[in-house]
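In the two complexes that follow, subunit A is the common piece, with subunit B as its partner first and subunit C second.
Right after this comes the complex of A and B.
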């Protein structure tokens, strides 16, 4: 068990008083971000990233990843108490969480949600601990062609699994790629798509895009929906917590199923949101009393929360091992690693083993810290939502403006942030997905780099992407995922046709 | 638009918005293709030229925009529904326009003074708070931000004449 000794080594790195303090600071900030409209995991981490530049990388990434765990926990608070999903992945939690809170047991609903989140995350961290080193070792064999194939797989699975129309997904993704190529071409030094503008030469920083798309865009959406937050009091005490914990073991099968769904959807970048819906649907199908779902069934909270948190956590596995983030927040964390000069990918496990294992150990501790924080402080966070939106909105916009300025100390970036905000608002309303756009913006240069290197070695022959079993298998799977919506349609047509014939 | 002339106020239909967005994306893709072609999108002496990857990206943007455009044109305006109602649109603009003015102001009077004005004016105007209460929120928030960025984290933000008066 080589992993275990490495993990204990990691714990030794993560458990310093300073790092533990950072964990608590991170989770508290994260829960705050998760509860506030207009601030979420992705843009919250993006805004706070420049503040950590002066910190030591391990402590900084521990704090930033804890913000992420906190945001995952925080999303549940608004869903259950106010019927407003603080984050997209907590939409499914509102189905049963809000009715249960309305029935007079908000404490039970919150405890179930937080504990399930913790279990989902714990499961995912276990998967990371044992699977990540294997994936990394395997990926050491990858050449540029294989890396491009894996990236292709990532983007194709977005098209295949997204609920949005496939061509809108492709459009959003390609816009991300196009924006990523703006600026100086790192291979030839040629200026691309700058049109003689000096501001454009720096290229588009995806952090600006994230702050605009998810920050201002979200505020505009919230404005439109009206500003009335009417919710239940967050009554929670130790007795309710222990009573709920006593009830949870009977739902072990649901928890396990949801954890597996979450991990699968997190590693293949389906994301936390579809994972939570899928887990909810499957829990309902297997439940003893499916009629109770939607009316405040405890199982209906456990399933989506476990899956969402498992997916959110396991999204870090491809980020660390392959340098391909499974979610926008993982993408922002990847951006942070690059800024500290840490290139995520298989080599990270070899060259920076201390850092990797310190981070993995901090995932166990950070989620435990998160559980403690949310169980003890939920009434205070619920009180924040009582602050009128006419105060919260301008304050968050000020934070977004400052956040976009500090990325590169450029005033022009604040204007870009506004433009991305409008794009985010329009795209969200017309169901163009934002996540693939952000990921393409992050991965654009890398994907292009490996594509060009692969073609260079094959003298421009595209068949290099089918040249051996490994790369061919990945490319083939990518194509299969890309056309899977089409196949599903044909399948249902064929089935319908058979029935008509019979 | 003809699809909601029965409703009061100027609202925008989804169909109109879909078409407009698809056209903008189409134009964007075309620009990307054109510029990539300008710098060379073929096979150079040292491998693929700088424009080759963005060229195909642009091509995919154009293709998917055309598909979306055709789908939008074929849909009926009634089924597509409303993009945003007149009242909601006013609320959206009530955030967007002050934000644009705010960002423009930062260049001239620095971020802290602009932020105080932005938060206070927004609270008075949209939240119907009293002027005193609004400044009682806006000023402490910005003092906190000032302490955090300029003093604790030593990250300088844009400053104007007012900060200069205090020696920053």
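Right after this comes the complex of A and C.
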């Protein structure tokens, strides 16, 4: 196989002591960046990009992409320990990761998250290695209508998930949509709902909302429940890694499904965040024990983490082959490639084969390095939960404040974060679900944009959403998922009715 | 109709005038000003776009060649189509530790949204380059020249041909409106988030044409997926090295030659806050001049087929005045002005 010989050639390029050192430096920096909410992979890579201009392009991209892998790994840490998503794609990880950690198994939650991340990434790298040319062509089929269908599918896979009454779910989702529409309207180029305020022009950044809603909201809840001055009674030993690994194989179907969702969303490019939500929603639909989701189910950590990492990794494929970034971080890396005189696009694989296969080889090695780095830190991170709340709470507050400031270097965002914290608290007290609101906030703007682009190109004709097999198939699947709980109910009613009649 | 953004000075006078002005300022100052702390480099656009790339490249070159003693820190302020970034500079009166890179949103954002800022609210430092625009179609399509494509658009009827572009009521849509007016066609304009995305949508046949910058579409052009019909400028691009197997940038005809009389270029320039001293402006002009002499910058200019025009001082201000008037005219004709 031609790919294999190219790949081994790539390993030969990537495995130099200098490059391996860069890999570890990159992953450690990345984990730190991912842990601090708000800083984010894109910002982290952007800040460090100019430092690499004096390096060899291959070493530079290896280090930068390792920062990216590290950030993907690190995003899970604060989600699980403090309910603060370090990165947008770790929001879905909080749903089960945080409860599991609170139940006294932070080590198990972290190990599951890291291992799943690695599996997702590994699957994605395999796809990149062997299917790159084919997959690149598939991405070209995605126009606005197809993107909207994918976003619709994400919403539909998530609807009917929460245990709260449907009307509360819809209300929360609508608030999310309303918040998403503030700021610049990308289709008309006009400002919306800013009320003339300069601060509102930025709109509501998803991360600021999430840091407030989840992180601060959680602290307020804990304070109300009586200040627990003790830390969690977590049993921590180094063996927790192996104990968790023994449990993972039974979830192979979830891992595979989530890897596929992740690769698909990364390549098309839908992004890691929708991928993680979709994988979580679908895992719950297929789970043997859907009741356990949201209370600390291991499967609820595996699904979003696998998908997010698969998407994050495969997002590099459209960047290399087409020059379109599949994620914000990929966009910054793309800029880096151009600065080094490398032209991402269909010819990169031909003209700079050494560089491309060196990078792909470094994806295998970088992720392995990342896994080793994060797994060795599991006991230390898990031990943080043993620190009494009265000491850790102020630290979390500071992290929340710094995180919301770094998103856009704006002081106003810290005030916004505080407001979202209060909203999060009120939502929890009134048992309104937060997840639909967050989902609407992150996907609302994208879905609106794609919908209107599609209608612009069809001149207002809605049939564009069924105009070919691809878009029709995705739209159909979305609607099927949406009505599946209803169908299931009807089915059981009909069965029950038959029994009653008989 | 000819849309012209060139000043009547001509390109040869550019260097002479700029240099003269700078020399007179720097000799009058006793001690040259130098920054004593880090300088914030504002990008009024998101990470990964054209302006962001240029800013980060400049930062990299300045570090590598040690052109500034203090560090330069790139900060993205993209809110409100860049208004956030421009307002932050406008409100930093007298602060020499803030510079901003511009794209066409310097003119288009205040006109389209009514957010109160104008280039006159800031201190112009220098024009670094002008970015070109090219009319692209998918290579599978039969149109070989701009005229054939425009004729096809006319034959198809108003709104049937789809023009993809970056953003709404910004350079791509303004250029489309100018093209429509000059040729009597009507396109359905579809706004996307970034230039790379636009190029790929054209390769996937989701739009019929684009007015991408050279750098945004060059990868797909070289791969043979796209065809360049004409460049929206009054002279051809100077770069004669072959980019595709058969064509160089210089082989692309101007739209005027191709019978589509439209031209438009986009400013890549630097501004400072209002109320800074002449010394402080001079310092940055000198840094940028040294930066522009580096091989890295020259390579970047050629890769992206930029028009390398340097201006500063009064000449730059005159150019800005004309460019603003042109944008106002184009946008009012297209009905893009904020009410």
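Please note the rule applied: the second predicted complex is superposed on the first by the 272 of 502 C-alpha atoms of A that agree within 3 Å, B and C clash if a C-alpha of one lies under 4 Å from a C-alpha of the other, contacts with A are read in each partner's own complex, and residues count from 1 in each chain.
By definition in this document, a residue touches a chain if its C-beta (ideal position, glycine included) is under 8 Å from a C-beta of that chain, and two chains touch if they have at least 3 such contacts.
Note that the coordinates shown come from a computational prediction; the quantities given were computed from them, not determined experimentally.
When the two structures are aligned on the shared chain, A:50 is found in touch with subunit B and with subunit C.
By the touch criterion defined above, A:187 lies against subunit B and subunit C together after alignment on the C-alpha atoms of chain A. Judged by the touch definition given at the top, the superposed model places A:322 against subunit C, while subunit B stays out of reach. In the superposition on chain A, contact is made by A:219 with subunit B only, not with subunit C. With both structures placed on the common chain, the touch criterion links A:313 to neither subunit B nor subunit C. Of the two partner chains, subunit C is the only one touched by A:141; subunit B is not. When the two complexes are superposed on chain A, the residues of subunit A that touch both subunit B and subunit C are 50-51, 54, 185, 187-188, 190-191, 409, 456.
Subunit A contributes residues 42-43, 46, 49-51, 53-54, 139-144, 183-191, 194, 198, 201-203, 318, 322-325, 328, 331-332, 334-335, 338-339, 341, 343-348, 408-409, 449, 453, 456-457, 459 to its touches with subunit C in the complex.
Within the complex formed with subunit A, the subunit B residues making contact are 14, 17-18, 21, 25, 28-29, 31-32, 35-36, 39, 43, 46-51, 53-54, 57-58, 60-61, 64-65, 67-68, 71, 83-84, 88-89, 91-92, 94-96, 98-100, 102-103, 106-107, 111, 115, 118-119, 122-123, 126-129, 137, 141-142, 145, 149, 153-158. Per the touch definition, subunit A reaches subunit B in the complex via residues 50-51, 54, 165, 167-168, 170-171, 174-175, 177-178, 181, 185, 187-188, 190-193, 195, 216, 219-220, 223-224, 388-391, 393-395, 397-398, 401-402, 405-406, 409, 411, 414-415, 417-418, 421-422, 425-427, 429-430, 432, 448, 451-452, 455-456, 460. In the complex of the two chains, the subunit C residues touching subunit A come out as 46-49, 52-53, 56-57, 59-61, 63-64, 74-77, 79-81, 83-84, 87, 112-113, 115, 159, 162, 167-170, 173, 188-194, 196-197, 199-201, 203-204, 206-207, 215, 218-220, 222-223, 225, 296, 299-300, 303, 336, 338.
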